[in-house]
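Each of the next two complexes has subunit A plus one other chain: subunit B in the first, subunit C in the second.
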Partner chain A sequence: MHTFYTTIPEQTHSWRTFDTNSASKNVSTPVRGDNDFRPVFFQLSAVSNARGSSYLEWGGNKILCSVFGPRENTLRRDEFSIKGRLVCEVSICPFSIPHTPNARQQSYIDTDRLSALLVSSLESSVCIDKYPKSQIEICLLFIETDTLSMSTAAVLSASLALIDARIEVWDITIACSCMIRSENSVKMDPSWSEITDSEYVGLLTLFYQPSLNVVSGVECEGELTNLQLVKGMDSCIEGCLQLKKYIEGKLKENILKSRAEK
Partner chain B sequence: MAENFLSCQPDEYYQRFLDHEIRPDGRKLNEYRYLNIGIGSISTADGSAVLKIGKTTVICGVRAQLTNPPILKPNHGYLVINVDIPGISKGLTKYTNDDEAYTISQIIQEMVSNSKMLDLKSLGIEHKKLSWVLFCDIIICNNDGNALDACLLALVGALKNTRLPHVTVDEDEDIPIVNSVTKHELVLREIPVCVTAAMFRENYVIIDPNTEEEKLSSGSIIVCSLEKGGISYMSSVGAGLEGERKVEMFERAKFHSERIRKELVTACEEQAQSMEY
Partner chain C sequence: MYRPVRLSVYEREYIIGGAEASIRSDGRKETEYRDFSIELGVVSNAYGSARVDLHSDTTVVMTAVKAELVAPLDDRPDEGKVEFSVECSPVVGPGFEGHSSDFIGLGITHLVKKTFLTSPNAFNTKSLCVLSGRQNWCLYVDTLILQMGGNLVDVVMIAIRAALENTRLPRTTIVEEGEVPEIEISDDPTSQIQIDTTGIPLCVTLHKVGIKVLVDARRDEETCSRACMHVIVNQTGKVCGMHMSQGGSFTPKQVLSGVERAVLQSKAMFESIREKINAIDVHRDSISIFLT
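Let's turn to the complex of A and B:
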């Protein structure tokens, strides 16, 4: 009886591929200006087990992120290192990926690549010199995702969790993406419907540390000219500054609130 | 001062509280933590539930997919239950090999199959051709004790929230035709609810233990009860209870599970009503 429940079928198909009414279910999205972001919501200390954690909702992404450590270095136990190590693990809920078939939407997500990207873009902002022989673990869980702006939301939630964990950092790493159109105009923080509808040329993702004025990572997709690339990067930096203002305000609010409670 | 006492002599620390019939977090021995039930909050899943018992947080999502029926039972469907504890609840999972998730998923599968909650025949669509498979993924986001109760509740909540579209099979071309305009609920014949208790030195039984209490306890009792008073799973691990006290434990479990079941059903009904409007 029990073994019957545990058998797993070999081949399965999503029922949405055979759906006869899929076209009628298009949800209309509110119209945004080219410089406007989709709403960002975050909360700190969402996971009590962790040293610090954050919950972030941005666009189609819902992310839970927690930070552990500094802990004993698991990789090189016998070797002494004066610097700490930043480690990252990204996991994705099996039910978080949307089923709606979209030509460019991924059905498989490379979590290893995403975690490597996170480490490389955050490493320069964390004071790893202050944590010798140890490692700081960043763990992410995608509860819901639209597979589009995964890296931007992941970086933002990770840096918020680092702040909540009181790990010493030089700066907050903020990420932002923009779409470049054929007539050299730029749209910030695009969603799937906006990318497929308009004259899409390329997508640019940028990781930026505003106080240090350092770009810690750039990702580019599509075929862009030199001019388009520069323009995209400029507007991404502007967007990051805009986001930073909002996040700093919210963080200050949080601190004042927790002080008032005490 | 109290923290030092707890870390040096945890057993004595707890004993002093338990002698006064109270726990360090302010609860009585027979008190369940606050339940927070969110139904249908994940839009990418076919059915979902987020469940909180105190700080313990569990998410369950159901994905419904089409497949060939099992060969031996050609008019049945599949129910696949999987429990996962990702890195966010305890740090990197690459270097640790923990059996906790596997144990919980085995117990839950047993509870669900014993209770005959879901008739697998209702998941069959066409004899020998097509049937539903429900992938139920339970994810423990934050483990502050008593994850098992939370997992089963989240699973039941997600299954109650699951809506399946109407499917027929095209006889000529042998492909499924899905009509997602009208969706139907799953028929759940039972709502199993389990209640976990921890034992302290065979003298005290405390309901709904948190992580600390789980670590210090000498054994645990799990009772999974059904609507009409039946019991679909029961286990008593570690230092055992005497016969009389076991009966007392059943009564307590029944009392709590009735209340929890009511809360779960009202949460599901409220969500269903809000979807209609």
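Let's turn to the complex of A and C:
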């Protein structure tokens, strides 16, 4: 079973505040099982100027995402399309990565690639036919990131912001990644420091729409046999379903809370 | 990584309906690949080059490999470098002039770069070591798209593999005279080093047209496709990269059966590349015997 550790930022403190003698003390982080996700926290309507927005903390990622529109599209005349379109802009704070990224990390923090990935994986879930001749803008800001799980966290925060903006969607797109080890075992939601595992064979990231049961994007790395790929996909889908359950619960809670306040 | 063509409603219906009834407009089956031809050594200034031509509805791609001795990175003293770039030339057709064609090249460049960066056995950069910590080979693999007839990514990967197989680096010797060792590059054309290309993967692109999944789509089929998946497979049949573009979606079952099909397809492609390059080599040997 997948477990989530949920914390609220207001209640958490950096371990450094309790650390009196860091040299003698071993900083203990909660041991995470292979099926456990890193803590997920999110909040909706974090940006007051946007039509919809979300703030997401997942593992080492802190993302602020806002959705603008639907508004008139900025296409040139010869590129006219009757369908609506999604536009995505990803920006990364210069202080979001603790050290200079190596070549492999550089490929993850490529903002062009990330925004193309976001558009292609979200496009099939948004009812773009209902917004003719207009565009919906998704802007993402990475405040903190651990580079490896950027795309998964970005997709989740973008779909939450879309929900907050009341844009009509077929389904919520949920992303989940897993690391595959040489003896076909799987570790869910790995962080950058965890993929240096000596038995690391590959990494699979799946963008999944649970209610429709379709895969809207897949990224794969390393060298995987067919069997490992099947196994990775199964566990990614299961992980996405679990995440969906958690997110749905939290969204319901949010609505009830705002109703009670009214 | 593709550019739509203008199609009327009826043409669209014809292509989608045909695909669903397992009839493609050029008579191929769903899993059938177009035949391609390879020419080697087409660029005289490069260390290795290839031109790949996908038949009937032609896609033409040219790749050239240049090499240079550069200082390695501090943390990897005995590894060389490989730099990839894919460019789409405006000669492809109307609508490709200016910046509009840049996106196509950039998308494919990202895909190729990421594949070689993340799969450990794709390219043995240690084989490019000349003098550890001082000077190693850096290969610049530049690809130019000359004609567009669909299935671009697959053809680019074939061209990269063929060009690297054609690449011959000059033999180097290290002369230890005095305190600083020097590198001597031989200019003898008969003693050259071939680089190891066994790990270089190929890509198989699958398009979802109607309810069917097609392999090796033509441009009009690409325009009708709702989703597209690139599966990158190496010679041992392992998947070393997957990517979806174009915004559609596949069911999990379609993804898995697509991967299976891609692995099978790539096996045939590796063989046919091997055969074609061997045929060229045999031909060249016979010419050189004739000349001597």
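Details
Heads up, the rule we're going with is that the second predicted complex is superposed on the first by the 218 of 262 C-alpha atoms of A that agree within 3 Å, B and C clash if a C-alpha of one lies under 4 Å from a C-alpha of the other, contacts with A are read in each partner's own complex, and residues count from 1 in each chain.
The criterion applied here is as follows: contacts are C-beta pairs under 8 Å (C-beta built on N, C-alpha and C of every residue); 3 or more make two chains touch, one makes a residue touch a chain.
Everything quoted here is computed from the prediction, not taken from an experiment.
In the superposition on chain A, A:R71 makes contact with subunit B only, while subunit C stays out of contact range. Contacts of A:K257 after superposition: neither subunit B nor subunit C is touched. When the two complexes are overlaid on their common chain A, residue A:L140 makes contact with subunit B while staying clear of subunit C.
When the two complexes are overlaid on their common chain A, residue A:S216 makes contact with subunit C while staying clear of subunit B. Between subunit B and subunit C, it is B that contacts the larger number of residues in subunit A.
In the superposed model, A:S91 makes contact with subunit B only, not with subunit C. When the two complexes are overlaid on their common chain A, residue A:R166 makes contact with neither subunit B nor subunit C. When both complexes are aligned on chain A by C-alpha atoms, no subunit A residue touches subunit B in the first and subunit C in the second. For subunit A in complex with subunit C, the touching residues are 103-104, 107, 110, 112-113, 116, 119-121, 123-124, 203-204, 207, 209, 212-226, 229-230, 233, 237. Taken together, the subunit B residues at the contact with subunit A in this complex read 42-46, 48, 55, 57, 59, 61-68, 70, 73, 78-81, 84, 86-95, 109-110, 112-113, 120, 133, 135, 137, 139, 141-144, 165, 167, 175-181. On the side of subunit A, the complex with subunit B involves touching residues 1-2, 4-9, 11-16, 18-22, 25, 46-50, 53, 62, 64-66, 68-69, 71, 74, 87, 89, 91, 93-99, 137, 139-141, 143-145. Those residues of subunit C whose C-beta lies close enough to touch subunit A in the complex are 106-107, 110, 113-114, 117-121, 227, 229, 234, 236-252, 255-256, 259-260, 263.
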